[in-house]
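Before any comments, here is the structure.
Just so it is clear, A, B, C, D, E and F label the chains in written order, and each chain counts residues from 1 on its own.
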């Protein structure tokens, strides 16, 4: 953790993500860390991702800011990153919870800041997309997950997030990707349904065969300069690395190759990021939470590298 | 676990509670074990009691049927106990889940069997009471819990179960008890609200001072021969004994004194029992689940001792 | 878990493997899940696989039935799979325990059903082979394990299972495979001893170098249409994926490559499967148990795909 | 956690103790929560209390503000409590670390605020006492701990904290108490040495025999209206309740009786509190951290009740 | 841990119990720590006590030698205590394992040293008694356990240890005690069977009612100056204190009262001690192992105090 | 564990590493296992490696002596390996602790034995190098670690070990390697600083791209016949394999490839080895400790293979 100036000469430290300053609003160009502790969209056994944001912040003690593979600089410099805390959701009431999350994220987006959201279960991506879509009509989704979460079904739960997002027209599905689907499935035909909604589906098996670099190149090619939301489900990792998730799915890539894939997104204009499905009560010594922190450090660098590039190329939006 | 006859000479065993036979219906005089894996009424941090019934059955390997303090007999003799499995609830949808639980329990109660329910969070007691009240208009509640769960509030959650039950007239509040309230509280005046609903409130401190025997005697005196539902919240135990609960509340009685209190209910006409708030993801080596199994063995004996007494005294109902 | 029809309209669920129906016998063409909770053949430190079957069933909540890599169908359709519970063994008495296991499996095999056994330690494979050999004189073994368990020694323990099986003539050793041996060893010359018994030994290092596809192709080539028993020891996985085993052995393949190897067995005529050495007290958040469930889902598909092929090709046996 | 006003209508929450506002300074009458994550004064095996403040804040999600046994009010009302974060200490360098802690606490004390410190190991009490002694020359210590930490020895470590404090004249030893010493000991004569320094020593056995009420009455009698620092070592609890401590010491009182003892301190003029020796890596499901949170809620109430009484009786200091 | 002189000036330490010297034989007057890692007499679910001796030694880092409640001296002084390591048993073969244990203990006893044995499951007490009985024909047993382990049955397992010991005439059953039986039971009439063998049975409930001091006084009265073997089963503790045991049995006494009972045995002529049923794989942060270490420190003091008294009173034997 | 001859015919076993004999000195040609339980050089959150040596010895029950990939022989034959126990360090006092460690290791080295040290944190390598450098002026370092630990800074801590070693001229930096640096970093420019000290730095990314065999070949080429100290930091493993380390660093190689790299060092003249940063309180079921044991078995074989080769090639030193 880094430190902020305290009451006395000795520096004080507080338990925000990476020790950044707590704040109540974000301003243009800043990255705003926001916890979304909602998990009652989870129908699977392993509920508990409401504890995700707290574990994520706590285990950020195990990651550091500099990241040579992308940039040997501190992404927090000049107060670029602030921590807004958690949205106050209501466990047993889905609709008002979605509205509360959307409202907070909307304010951040409206201020030209980038939300870096931490769930909560996979339903939290829906209000994030609703808020972003109001600001970015051409929004593209890059969804990295062992499941497409674009399953058939009428209600809102962790399996229908992107079915709803597609129906609501929040994203340009033809340029949006689901990367990494694998494993056993609760229903037949889930992949066909995802494709029928217009999405591009790259299975985990395809990633293994073509390699992370090729997949990332395809994403960059298709997405171009459009504004992108990156939704990262922690169950994309193999459960040996990230046991603390809602639906552990065996057969994931080695951690280093997950990082390769994320590094390959360098240059995208990331206007939003969410990391979801971290379920601390099912975690082991904070492994998944720690790993989520590493993903978040990558995201901080990717966002800032994207800002540097697209501010020059595309002007202010 | 006991055994049932298998395909061959060697006996086979299956993972039901105490190895009793699985069944799809219960008949008169039987005790029906029913899992109620609903937990999205939990607003507190430690959600996860949907895993309660599975852990309860698994850890029943650590309890045995004979229980000298009450009766050195096997309560499962002659198929007296069956396991109906879990009701199929929907995590994110409270009302249909309550209806599904009520329907299953109603069928059991209508068959003159006694439901022994395992939650799930504290909201599951509401559908149990709704089902029992249709059959037993004079129903009395004995609620043993570190919290009264009769707090102010408009919706249905783990803190308002008995506020709703009182408003719906499901129980005779003047003869119903909340035993064991203690600890830190999220709102002021919760105890006054509970009493204003007509309930008798015996705090944990009062139990310590008067002793379990005196409290149990008062309960027997007030309740008399009326039909009783016993609702036992696992957080009545001190967290040192039962860490795996939704809202651990320090300062509970020694385990032996909890058993004393339960033993003291011998003679009541128990027509329903629920054991709730067991949260396996927050448990430690199955301690709370194991302890719930011990409470269930006590309940099996109490129910049968009550049946023996009240069948003679009060005739068949 | 799937569900079976309960007492009322709401569906009920019970804690069998994948929620299949409990049963006391199996009929022709069915797959019978059978727990073999014996572990006193374990001389190593980490005893505890007697808890394997219970953990296996419990953690089957984390796997689903459809499996696109093999078949996007539900292997449980039309009651194809039943759960017979656990054989009632006696911890401290090896011989009667082996006999009890053999008797139960014999009945299943005699009914032309396929046993899907879950241990228990590696000694449980011996009674399975004894039962199968009575029905299938040409039986071939495919043994996937970090150890060959065909060590020198006079008695029956987890290190001599296949020494005994070879001596008893239960299997065609010249067509039988030990795949995956690796790591530190308690005795010298163990691999030579295995080969001297006639077995084909493909070390873990050889799998790494040639790849899972090549190994599987060799197995299919050698085995042909003969009836096969697949014995899968959970310690074939690296301990980072499956910590809960009796003899964790570092340096195993990535999980996805283990699945590749198993997928490559498609087309074999599997007449028996056992998954052993799962030691829940040494597991972490049920990881190894969950992974055993995934292996079992693969096995369900492999067995049925094999049945479809060999029933047409080879007629009923 | 309670909440503070966020960027939008929906309330935001941050991971401070009990959700109070983060701050960089404290003002008169406030209670300032301060983390002291230093643990290299620990010579015992179980080092790790540097993680104490973080775990303490995280697990404060499991305690609530109202506390009927003392006062059914919210001690956080009107911003009475703030969280200053952690002092930035240097693990391997004792002296500068002590100085840094003392400096921060001095500023708080100088502002007429009350420090509520969370360790860190038992050495952190020394800089707290040094800071308090500069402001309160008549300072009295009430030390509740399974060990007196007033052992012979020349250097500064967790066993010599109060030897040093006595030698430096920081406290009035004749009116200061060590309550609760028990268990196995690393050296002979430790209790005699403690008494030789002038301290009053009440062993754990004496507490058991006389009862918490009698002990508390004696403390109130001896201390009178003098300013008091309460130092509470988490190992005073039995390890069954608080496993996550540096030197677990069996035979402690039931949790309810620890609370009785603390409740009995009502009326003392508490000018400082520290809770130490919480060692999260050795804790179990956050039990000890949760319990430390309960002790802190008691402390918040005791401090405010003391302020109410002594502001009237003794005037402003 | 204490230290022994190493290769250089700096002292070296080794992982024996309390850091005592490793040895291969014991001499007159010494206390010999011996591990008995046999657990295949366990029919219950929680096997694993073969790991008991290793955990016991490892966690002895958490206990200290001085013990003011009995004697503020170091029982290791003058090499009074040595650690002989573990007997080399064979998991799956009961009879040779019993013989190996008996042979080692016999040598210790024959040398007039006192064996302090650590199991292993409850069957290990049988070879200890067999070895002691050869030397002490008047041997008396004091067995502290939540179960009498004197159940009906023909073979040797953890439930029949004292049935066998009584039949073999190893102990004077009329002066031997089973203290602490409680909880649920697998068979009816177990207590009657125990008494029918001649034993004195004091239930856990009786200990609660009469108090530890009264029970200890009765034991001292009945036993007198006869040589005594103390067999202590770790499940006498409540599972909240000692979760890591084979058959956790709820409702045990507070830890401090267990110590009271043991302290009350001061003055007995202890010629053997065993501490059994510690099951590390089911333990939590080493709690039960640590507690076993505390019991062993008490035993070291009791043995030496007994030696001091009986050597004067009764002369050498 | 192997065994040594006990008091009686039955063999006894003691908890040394792999059951080798405990000893107080080492003689020429022997390998001396030495624990270095110092960890207060750790500034990161996860302190606790003082428990490393104990966990390492305990979990050596999970590794075996024979190792076919290098040599199918027992490296312990003829008393080649002894266990000296742990050096007695002082947690809070760096300098005397370093001196104590250096003194013990110096005696071992002076006797022409090879120290196999187990930390403790990364600072323990400094006294090992100081002791070795006095005997081997041409000493070369091969450091395998996710961090170079050759960071800028004035004091001695886990990040400056090799900065100090370079400044003190203990090793030939131009022929010394840091292999495996990866991940997030606390400071900028750390890799440049390492290279500026003269070291060869091969990043983890470079290992991935070139392969373990190529890297090992380069090391052998550069090092030649010079005496080598191998320092192996457990965090070189991915945290999915070795969670119990001080600074878990995601993205490490599969375990099998770590072994490949170590196997590739066959032929080097290893005169010292240390394995550090094992932090048991943060470990999971002893995984990292077990893995450290496997590394140590490899080291035993590498040392003896090196001795065989260099004793012939280079004569006795």
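The rule we apply is simple: a contact is a pair of C-beta atoms (placed from the backbone, for glycine too) under 8 Å apart; a residue touches a chain by one contact, two chains touch by 3 or more.
Keep in mind it's a predicted model, so treat the numbers as computed, not measured.
J.: To get from chain C to chain F along touching chains, fewest steps?
T.: 1
J.: Treat touching chains as neighbours: how many steps, at the fewest, connect chain B to chain F?
T.: 2
J.: Please name the chain that ends up farthest from chain D once chain centres are defined by their CA atoms averaged.
T.: C
J.: In terms of residue-numbered contact pairs, which of A-F, E-F or A-D coincides with C-F for over half of them?
T.: A-F
J.: Would you kindly tell me how far, in whole Å, the mean C-alpha position of chain E lies from that of chain D?
T.: 39
J.: What whole-number Å value describes the gap between the mean CA coordinates of chain A and chain E?
T.: Those two chain centres are 56 Å apart.
J.: Would you pick out the residues of chain C that each touch at least 2 other chains?
T.: Answer for chain C, listing residues that touch two or more other chains: 45-46, 61, 238, 240, 254, 282, 284.
J.: So what shape is it, when you link every pair of chains that touch: line, ring, star, complete or other?
T.: other
J.: For this structure, give each pair of chains that are touching.
T.: Chain pairs that touch: A-B, A-C, A-D, A-F, B-C, B-D, B-E, C-E, C-F, D-E, D-F, E-F.
J.: For chain D, which residues count as touching chain E in their complex?
T.: Touch list, chain D to chain E: 44-46, 183-189, 191, 204-205, 208, 238-240, 243-244, 247-248, 250-254, 282-284.
J.: Per the contact definition, I'd like the list of chain C residues that touch chain A in the complex.
T.: 61-69, 72-74, 238, 240-241, 254-256, 259, 284-285, 287, 290-291, 294, 297
J.: Which chain F residues qualify as touching chain D in the complex?
T.: These residues of chain F touch chain D: 39-43, 45-48, 50-51, 90-94, 155-157, 281-282.
J.: For chain A, which residues are in contact with chain D within the complex?
T.: 3-16, 22, 24-26, 35, 54, 57-58, 61, 83-88, 100-101, 103-104, 106-108
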